[in-house]
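Common to both upcoming complexes is subunit A, partnered first by subunit B, then by subunit C.
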Partner chain A sequence: MNRVIPLGILALAILAFATLMLVILPGIQIRTEAPTPGLRPYSEAELRGRAVYVSEGCVYCHSQQPRSLDQAPDGERGWGRASVASDYFYDQPHQLGTMRTGPDLQNVGARLPSEAWHMTHLYQPRALYDWSVMPAYPYLFEVKDKAAPGDVVVALPERYAPEGKVVVAKPRARDLVAYLRSLDRTFPAPPTAVRDDGYSEQGEPR
Partner chain B sequence: MIRRKRTQAAPPDGPEETFEPYEEFRRIPLPVYWIAIALAIWGAVTLWDNAQAVGVGRQERAEQIEETPAAALNSGAQIFEARCSTCHQPNAVGVRSAIPPLAGSRFVAADPAVVVQILLHGIDGPIDVGGRTFDAHMPSFASVLSDAELARVATHVRQTWGGDRQEITAAFVRVQRARFAGRGAWRGGEELARVVDPALGPQPSAGPAVISAFADPAVLRLVNQGRGEAWACSSCHGAAGQGGANIPRLAGLPEGYIVKQLQDYVTGRRRNESMQTVAGALTDAERRGLARYYSGLRAPSTAKPELGGDVSRGEQLALYGDWSRNLPACFSCHGPSGFGVAPGFPSLAAQHPAYTASQLAAWVGGGRNNSDVQLMNEVARNLSDADRRAVADYLATLPPVPAVTQERR
Partner chain C sequence: MSVTIGLLLALSFLVSLLALAFLIWAVTNRQLQLHQGQAYTVFTPGEAGTPDDATLPGDDAQSVGPHHYDAEREGIDAVSRRPVMILIGSGIAWLAIGSIFGLMASLKLHWPDWLTDVAPLTFGRVRTLHLNLVIYGWLSMTGIGVALWIAPRIFHTALRHPRLPVIGAVLWNIAVACGALAIASGWTDGEEWLEIPWQIDGLLALAGAFFVWPLLHTALRRNVDHIYVTGWYYLGALCWFPVLFFIANLPGIHSGVQEATVNWWFAHNVLGLWLTPLGVGAAYYFIPKIIGKPIYSYSLSLLGFWALALFYSQVGIHHLIGGPVPTWVVTLSIVHSVMMFVPVIAVAINQHVTVARNLWAFKASIPLRFVSLGALMYTLASFQGSIEALRAVNTVTHFTQYTVGHAHLGAYGFVSFVLFGAVYHMGPRLTGRQWPAPALIAVHFWLVVVGFAIYFFALTIGGVLQGLAMLDATRPFADSVTVLAPYLEARSVGGALMTLGHLIFAGHFVALLAQGRAPHATTAPTDTVPATQA
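And then the complex of A and B:
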């Protein structure tokens, strides 16, 4: 190893180049983006729900980045238009995700706006989809003898309902559902918004 | 690569006391150069290809920006041709005993507020035009045309067939829109004459308002509060049955069609986990009540083109079909203007593109197969991907179903 210095310099240069191209330049590009018109900041409850989303690791199975029709039929699946950078203005850290074990959730609030539906689904996904591989989250709920006024009771098919008791959402579940229902970026993206154009093709989307 | 780099430093014969280990200078093996060059070329090509794609994307959107004001500059005559001529005919003579003429009509020649109010709210009752009584449904354009567009088409209609040169402005339409905001369709000529312009003269009256199942409190509870696993319909389908994304618009679908779909969810002939759960928790009578409720519901359109489809191609398919692809016109079955034909042919107007496209794809993929007559399977198979998006986007631009499409009893 008699060329430590040139090797070291080369390695650092490669790292610096990658940082410049993949971190600094894109950062400069999106830093000045204002939120997409129509995007609103999260409410207190939604932010708490977002923290639950992050801590439960939903991001490992769900992306939040519908792709353009040139790339995938996400729009036809009802997942919404391709996202643009300014859609994530209030998301820190963003929950883009890399895996789609489950469906994309960027617009789940438009596609599944029902609070009651989400409660059932989070408590036991198999109560709705017998083939679902999503984990159940029973610890976001509590089993009570009787619902108190103001409680959100989870509607369950007999098979999954505890006998003679009711399942009630804990505040964490209610916040999480508030967050999920807020995920609705179906407003139009301005034509000038920064986006992934890497798959655009001439003519109509395939 | 590792193999190539392995040193073959065979020691010279016998160990030598003075030997200092050293590294021979060896050239980098040629294949490493090749690989490096290939990678560099690959990188360059990818960059070039990406730049090309980004250029295409930018250009398409730039064209879109240019097009938008141009589309907004559609003349009144163009809007008339696209939006009115299918019913009132290109020369505005109407269709005997079904659709009234505009040419020579009192409604067109009366106060400018009359035409604007008709365009904003539609008509659902009998009217008298030129001594003949018509009793059909004129759709409301409030949710699909802007104030400026309504002003232009109203001006065109009045200048061409009403003999009035005065121009109707967007500001005038805005005022008229606010005037009866939130009301439903005009219940015939009598109401228009009474409320908007007495100069319309004697007009047939609509008779007493029909109070149907709308007000059934049990049905309303299911719609708004739900019961157990029958989550409130409105929590997904919207407060006015208008739908969204891939949740279908229900307002204005034929009653018989809704009953059949709900039954098919129960028996599993039509598959969708959420709807199977909901429909299974309802009784027969409740399903019928809900079907009656939604078929009579009117809701402004909330659909808009969102799949990047070619809307004029979609219009072509909907109105005329495409015989080169063996596609009959959608409206030959789904009724003129896509308002549906009770009981078997659902309305398509103002349906959300993601839902329409997903259903068309489901017929091709076998995901939807619950019709005995199977008319859609063939139609859907003959649509290309681009056509599917085009027609779905076009249908989203249409005014919603004007009135109760219940079967007449």
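And then the complex of A and C:
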């Protein structure tokens, strides 16, 4: 090849084609979907909590996209039904994730609804599971001599409790837990909803 | 559904027509005729047949002079020296910092209570710092530096506007540093490979323009009719990356699953259309240059390049197999992933046969060993990637550390190894001095080879076990964590050896610079004559 301009034009044309196929066409198809019936927008506190989830990088260990039972036993683990595109209507930035160092969180609010559980788990995961490799997040909490009215006190086994003091959640921890508890897409998905049906053994792929 | 299929069919018909029209144009204009003689473009007359490695023992120990044909390029190299030195030096500094963050992230996966007191050192941020520093700092800056050094040599004319890349390097460094600070403080765009906030991305984009224009202008003013294969890859990468970067970082227009498709279209194209061309392009230059013989089959390289552009650009959605994205786009990406065998085999035949016919050079020259081992790992990483995209395989490996091992086989085993070799080859020519302690080059080589072997096999085996545990509904999720634990520890051992190798590499580079630059004649011509052989 001996020409710079044709090379550049063809290179860009190929990329434009890829953009059309991978970005524009799927975008049009996904954007035409209404939110899944039952999905509600996040509240203010949940959105603040989502921002904490994003900035701490939870996505690098937790996915939010259960697979179908045709492919994997995600549903049997209590992670919920296979997710569909319209479940993510209010998500920006998306947090689908590509790693499961920890379990999928798409429906963690339905599976683990207790605020107290999440507080203990965020402060020290090994207080609940000795095998856990999740980081502890002590900086989302503060250690006080005595809880003030309205404080959320973290319940801790003796081994992890600071002696003679109490651990209370900072606002960031409370927001984060509000977000985690809001993750509940257990309502049914319409049969025509968009998802990868490549593992499905019956029916026409959508 | 039927509308989608109809649209896709109409579209592929249209694209085929356009491609056919282009093919007719290309054939009539002799764009597709390559002859083996053009593979000699990397040489100057009489040079082919002379191996070229300044790190070989027995050469003039103090000042330069192991390869007398370098004198002919002296005028060309002198012009690009400053920007190249700044870019490579910056890249190596980011490598050292980025590797330390990588090692920290690795340790944190089996020491979860280590350094948890402050937010910037939490796993989610340290891991992200590692990725962004090695991709945008080390690989991109060093890759551009190598490109700015090679391009004028294959175009046989000096770099145009050599001051612009210096400004670009300063801006790029500021942007990477700001991006790192932002991520450490929790300010992130929140998508893998796109974490640097878009406000800072604007600065990266501006800095990029300072590299694109000089390279493009040099290509247009070249002193040889033929563009050598390395030049195709560089020109392609320069067209592709700005577009990718701009579209993916547009704030406010992407959301939900649609954003996820943009995310993986971008993230995989950063590998395929940016880092891969930088690595393959450099390998296409250094392998024949160091051996002193042209590549095996020059016409095959044309197939390798265009097939890479066609197929690699559409593989991204294989990161969302089994996810909430349309089935057809997942299938499209899987098909293209498998088609990647075509360009990879083309490049593999070209590069590996050239090296295999000259194994003496592989044994003698450590720069060549780095580059050709890197090229070999490109082949392996690509084969692995094609197989990993198959639905049955992906069910096991998706969401596991297996993917992390694969990513490092590409970005580290391939691109980083090629760049290591490139820097060792270029160092003496940039400074006019020999490497102060050539034995350290071998130490670096063996540390990263052994370290990376441990790293890769630990994550590959551990990842498969993790995936199988997760697929077995009778085993609790905890099994997938505990089965992986020893492999994560092994990965930290491998990663520590690699990091040590990088620190030695960085120290050696500083020592090379500390020797100062050898005096040179400044009257050398800024154009050379390419070698030809019909």
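Note that the second predicted complex is superposed on the first by the 200 of 206 C-alpha atoms of A that agree within 3 Å, B and C clash if a C-alpha of one lies under 4 Å from a C-alpha of the other, contacts with A are read in each partner's own complex, and residues count from 1 in each chain.
Here is the rule we use: a residue touches a chain if its C-beta (ideal position, glycine included) is under 8 Å from a C-beta of that chain, and two chains touch if they have at least 3 such contacts.
It should be emphasised that the depicted structure is a prediction, and the values quoted were computed from it without experimental measurement.
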| item | value |
| --- | --- |
| Superposed partners subunit B and subunit C on subunit A - clash or fit | clash |
| Which superposed partner A:32 touches (first subunit B, second subunit C, both, neither) | neither |
| Which of subunit B and subunit C A:76 touches, first, second, both or neither | both |
| Partner chain(s) touched by A:155 [first = subunit B, second = subunit C, both, neither] | first |
| Comparison of subunit B and subunit C by subunit A residues contacted | C |
| Subunit B versus subunit C as contact partner of A:2, first or second or both or neither | both |
| Touching partner for A:20 - first (subunit B), second (subunit C), both, neither | second |
| Partner chain in contact with A:84 - subunit B first, subunit C second, else both or neither | second |
| Stretch in clash, subunit C with subunit B, out of 94-102, 148-156, 202-210 or 346-354 | 346-354 |
| Interface residues of subunit A shared between complexes with subunit B and subunit C | 2, 73, 76-77, 129, 195, 197-199, 204-206 |
| Interface residues, subunit B side, partner subunit A - complex | 23, 50, 53-54, 56-58, 60-62, 64-65, 226, 228-229, 231-232, 235-236, 244-247, 273-274, 277, 306-310, 353-355, 357-358, 361, 385-386, 388-390 |
| Subunit C contact footprint on subunit A (complex, rising order) | 1-4, 6-8, 10-15, 17-23, 25-27, 29-31, 54-61, 63, 65, 67-68, 71-73, 76-77, 82-85, 87-103, 125-126, 129, 131-139, 194-199, 204-206 |
| Complex interface listing, subunit C residues touching subunit A | 1, 4, 7-8, 11, 15, 18, 22, 25-26, 29, 31, 34, 108-110, 112-113, 116-119, 122-125, 127-128, 186-192, 216, 219-220, 225-227, 232, 235-236, 239-240, 243-244, 247, 254-263, 265, 269, 273, 302, 309-310, 313-314, 316-317, 319-333, 391, 395, 398-401, 403-404, 470-473, 477-478, 480-482, 485, 488 |
| Subunit A - residues contacting subunit B, complex | 2, 69, 73, 75-78, 80-81, 107, 110-117, 120, 128-129, 155-157, 186, 191-192, 195, 197-202, 204-206 |
